[in-house]
Amino acid sequence: MTSVLVKDLTLKFGALTVLNTLNLDIAEGEFLVLLGASGCGKSTLLNCIAGLLDVSAGEIHIAGRNVTWAEPSERGIGMVFQSYALYPQMTVEGNLSFGLRNARMPKDEIAKRVARAAEVLQIGPLLKRKPGALSGGQRQRVAIGRALVRDVDVFLFDEPLSNLDAKLRADLRVEIKRLHHRLKNTMIYVTHDQIEAMTLADRIAIMKGGVIQQLDSPTEIYNRPQNKYVAGFIGSPEINFFDGALAGDGFATGGTLLPLTNYAFQGAPGAGPAWYGIRPEHILSGEVARGLPFATEVEIEIVEPMGSDTLAWATLAGIPVRFRMDGQARVQSGDRLLIGFDPARASLFDKTTEKRL
Amino acid sequence: MASAIPPGDPAVPQGPRPRRAFSARNITLYGALVLIAAYYALPLYVMIVTSLKTMPEIRLGNIFSPPVQITFQPWIKAWAEACTGLNCDGLSRGFWNSVRITVPSVAISIAIASINGYALSLWRFRGSEMFFGILVFGAFIPYQVLIYPIVILLRDIGLYGTLWGLIIVHSIFGMPILTLLFRNYFGSIPEELFKAARVDGAGFWGIFFRVMLPMSLPIVVVAMILQVTGIWNDFLFGVIYTKPDLYPMTVQLNNIVNSVQGVKEYNVNMAATLLTGLVPLIVYFVSGKLFVRGIAAGAVKG
Amino acid sequence: MPETQRPSQLLRNLNAKVASVPMILTAMFVFVGGTLWTVLYSFTDSKLLPRLHFVGLSQYDRLWSTARWIVSIENLAIYGVLSLVFSLVIGFVLAALLDQKIRFENVFRTIFLYPFALSFIVTGLVWQWILNPDFGVQHIIRGLGFSKFVFDPLYNQEIVIYGVLIAGLWQGTGLIMCLMLAGLRGIDEEIWKAARVDGIPMWKTYIFIIIPMMRPVFITTLVIIASGIVKLYDLIVAQTGGGPGISSEVPAKYVYDFMFRAQNLGQGFAASTMMLLAVAIVIIPWAYLEFGGKKRG
Amino acid sequence: MKLMTALLAASAFCGATIANATDLEVTHWWTSGGESAAVKEFAKAFDATGNHWVDGAIAGSGDTARPIMVSRITGGDPMGATQFNHGRQAEELVQAGLMRNLDDVAKAEHWADVINPKSLLEGCTYQGHIYCVPVNIHAWQWLWLSNAAFAKANLPVPANWEEFVADGPALRKAGIQPLALGQQSWQVTGLFNNLILALGGKDLYLKIFQDKDAKVAAGPDMAKIFKAADDARQLAQGSNVQDWNQATNMVITAKAAAQSMGDWAQGEFQVAKQVAGKDYTCLPGLGEPNPYITTGGDSIYFPKLSDPAKSAAQEVLAKVMLSPATQVAFNLKKGSMPVRGDVDLSTANDCMKKGLAILKAGNVIKSTDELISPDTTTQINDLMSQFFNDMSITPDDAQKKFAAIIGTAN
């Protein structure tokens, strides 16, 4: 059943169109991540859903109700912000209960809900403190709690972990996932961090320029990016792109012919200029490369050891190419090495439309 | 560049030793500061010293010498006895008038400006920026341009010559800079806080009174400092928009000093001057750093 | 359901609009209305009471052929330029001195700034007293044996405006110092470290690196000083009364005197319109630079 | 029935006291020592009628006070009564219907018969109605000399302006400021006007200020006056005071030899307990032959008020101010001359008697306040103030500018 429906949503600031006839259908209990670089319109879309921005055209439905012009508090949403947005002069308890008090809820009901949220988030001992006396992680828990007490259908997260350090971020990420398992609410989560997106999402919507580029499960997005932008955005280190043209059953680039054996074309295999993308982790090196459809010897230029694995740079078909090696691999610049890959794991994009071929 | 550094004995440390307390630099620095400070402090010293002297001593001695015989008579006279015409109750009346003008003016102007700043930073509506633009330009309109239209305005609403008339005038002329101050302050509060409060179901006034106002104590203090000193020190509006029995202290000071009966009593004049400056001086000395922050915030961010 | 309907534009944000009524009234009726009113009546021959009997530009003709107005403008120009330059220089030097990590910084800052808490009336009266040749500085220095020493700026019409300037600077430089100090403190410490490593002398660092970096502070300060200069009135009234003769008259006083004393409102309105014009010439380019570019944000 | 009558009587009585005990605010700029003493006489006389004089003194000078008065009247917050100078200062307020006409009081009190000279009442009359009460006559044309100062310089006290000018260098040598002159521009203009009337005569004075004849203003007769003004500014060099009474104080203390100021200066000599003829000398018309005096002075105007009790009190005040006893008491303190010829001034001192004699001889002439508008006065004030302070302006230049002002005067 549909939980949040965005229909032909358009948002303009004066002459500037931020969102253009955008459509989105989010199922009940789904965890949807809006992912994109800053300025792509993902937070704007979230604010529109929350009712914090007036839309220029289109409709927003939540739980079957048209809430396009409803006040934020009447939409049945809870929201968690990047900067926590805790009211500094109120205690944690005051923060949690502010919305309920505004809704003139009976006192005992408020107490009950606050207690439950505190228990779920393990912030019971902090209730009497003010936000200034809390750590970043604790603050974010309180901010989540504030959405929790509202007992709503939809949770909106606006980059909730961006202000935390790396370790805390990983911890809270898991906790949000646990929360979702437990509550089974619809959650819309905005982030620019692809790890968060990959780990949390049921579906990811990758946005650019106010347009959803691809809406799919994380594996689908990783394996079969629908356009060059998505391919470049997802994956770290970044995918390698070769500029060239389809030539029969191969791809001609910089004097090299890359094979297309096993490649699953979307439609009919076309011809003409295109991009050939292959992820660094899909380029194998050493003896295992020998059996692959494409293999060649290259000279290692730079080695970046990262512990768990090592990133190496070499020149292939005239462009610098990065590929991932085992962390234990003993290589140094100047070494010559055999590398190879399976074209089945590659992605081909049309040169002009940048769409997947 | 390495070649620019002359080779030296590796056993001898290069360059001068770290400065000592009485280095030439420190002596010049502190010397200059003390001299300048003396220049700034001198008038206050002269005022105090003169106000404690008797008239014969003033005529004889120099203005910088400390009083031979300290007398508080000039202070008493300035406060309670100095005459303007037949009214010989000194500055005391002006003092209380100034209090009656300043307190409501400060309260009202801050109330209006904080709401303005709040609406302008968080609840913009069509035209709000234009009104704000006009308001800011208003801060630069020479008062002389508006003096007479305001006389007419106050006359038409029946408040000319009353305390409330002057309070309105102070609120009007305080509005541009205070609104700017509050707008900048509320604009610097994370917008997400405002969004969170809206999601929590608070409305325009709810957010203002329960979220924003409790957070704005520092800026309110700054605005108060700005307004208390500004309104207390006002002369022009006091002279134009009130009548003699409502004259604020500055106007009365000017009257007493210029209302000469026989010879000028410089000691009384200086005591009166000090008394008039006392309130803003106390505000300044008590508020200390906040005062600086206040005027800096009002100015730099503008 | 009401939320399916787009609410009327007028009622949207109604509370904010209601709350802004005092601001809107002030902006439209007082600032815009009042200004237009004054400009309109400057083309009339209103005497004691305003009346709409138009006489074209004759008030302006008379204004610009009146010696006192010319003197007022000259005084304002001298006072304005000097006060601008000295305020900036003194303010910056004081701020730079205080920024040397000195001891007792608070004490010094307090002393430099306290005059700003005092009104122009108080300032004017104090300096009138200090500059009084029979009691003040001249008297003291003559008492030290220099019997020919002359320092009577308030009684010498050639230099009276400088006497006013001394008082004005005394009152106002503290504020400028504070603004400059705030600007200096806002500059990244690493700039100083970089300059030291590069071996650039301190004065050069100030002139070529720090001051250019403080451009916004300087511009704001400039506007603050400039708008204060045009309003110069109380100080003159308290310190010199415009004298000796008409040698320390300023435009603001001209306006006041003609509106209220000479009972020639039209002339006063014409003069105040000229003041407005002068302010507009300073402010509009600044406002354009300061706010025009930010509109998109 | 008895009770009823008692109640009625009581209420009538109460009503009467309420009607009588009315506060009336009177604004004025009489704030110097002698002036304050004189105002007290008015207040005393008015309070004696059962009303209450609320003093609205505004310090400074008329230049400071008038704008406040005018803006209060036009601003809809009128006082009970206010001072203006004789003449045209309140003209537009009367035109605008903001002032109350006093025809009834004037008739009942026979002002037309008692006020002397007649021109004073004319000054108060606009389109046949009377709008003000002249309370005194202030003659500007006096030269006040300090006997002690001349004694110190071993000089006889001069008898006219030329002699005084001749004494200038000797006075300087003796360390005495020859001429005391306050810096305020109206004082400078006053001195200049005195020179016109005393040295140029009545005809020249009237041609300039009444006929506004720019040719005469630019002519040779005026050139002489500007030459004399040039002398005067040389003699006034070094006079650093602002207020007129500070200048008078210089004469009283023999720091300065002379001051040309109106007869109100006499009040200051009186406060300082100095005796005319012994401590100081006064020369009406600057000691020139056939002296004329101008009949400037102060009038009290009454703004229209809506409160009938206050209106009634206004009439009482108008009556009181012109009563012979108040006139004598007020004018003796203030050093001015009464506006009625039928009062006993045997207690007046030498100087005032000299003035009264001129008044009796009919050598009176309208003051500049009555002849030219405040606007023109301000322009002349500015010019004179500039001329007296800036020695680089030649008498010729100044005369040219003066003629231009007279040419456009109204």
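Order of writing sets the chain letters: A, B, C and D. Residues in each chain are counted from 1.
Note that in this section a residue touches a chain if its C-beta (ideal position, glycine included) is under 8 Å from a C-beta of that chain, and two chains touch if they have at least 3 such contacts.
In this text the structure is predicted, and so the values were computed from the model without any measurement.
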item: Result of counting contacting C-beta pairs for C-D and A-B, higher pair; value: C-D
item: Label of the chain whose CA centroid is most distant from the centroid of chain D; value: A
item: Chain A and chain B, separation of their C-alpha mean positions in angstrom; value: 53
item: Centroid distance [mean C-alpha coordinates] between chain C and chain A, Å; value: 55
item: Geometric centre distance via CA averages, chain D-chain B, whole Å; value: 41
item: Multi-chain contact residues (two or more partners), chain C; value: 12, 256, 259
item: Multi-chain contact residues (two or more partners), chain B; value: 254
item: Of all residues in chain A, the ones touching two or more other chains; value: 74
item: Interfacial residue positions of chain B with respect to chain C in the complex; value: 29-30, 32-33, 36-37, 39-44, 46-47, 50, 58, 62-64, 112, 115-116, 118-120, 123-126, 128, 131-150, 152-153, 172, 175, 179, 203-205, 229, 232-236, 250, 253-254, 257, 266, 269-270, 273, 276-277, 280-281, 283-285, 288, 291-292, 295-296, 299-300, 302
item: Complex interface listing, chain B residues touching chain A; value: 190, 192-193, 195-202, 206, 210-211, 214-215
item: Touching residues on chain C, where the partner in the complex is chain B; value: 9, 12-13, 15-17, 19-20, 22-24, 26-35, 37-38, 41, 50, 94, 97-98, 100, 102, 106-122, 125-127, 129-130, 135-136, 139-140, 143, 170, 174-175, 178-179, 182-183, 216-217, 220-221, 224, 227, 230-231, 233-234, 237-238, 251-252, 255-256, 259, 265, 268-269, 271-273, 275-276, 279, 283, 287, 291
item: Partner chain B, residues of chain D touching it in the complex; value: 27-28, 30-33, 36, 39-40, 43, 54-60, 64, 68, 71-72, 74-77, 79, 242-243, 245-246, 249, 268, 271-272
item: Residues of chain D defined as touching chain C within the complex; value: 63, 66-68, 70-71, 74, 89, 91-93, 96, 183-185, 240, 242, 373-375, 377-379, 382-383, 385-390, 401
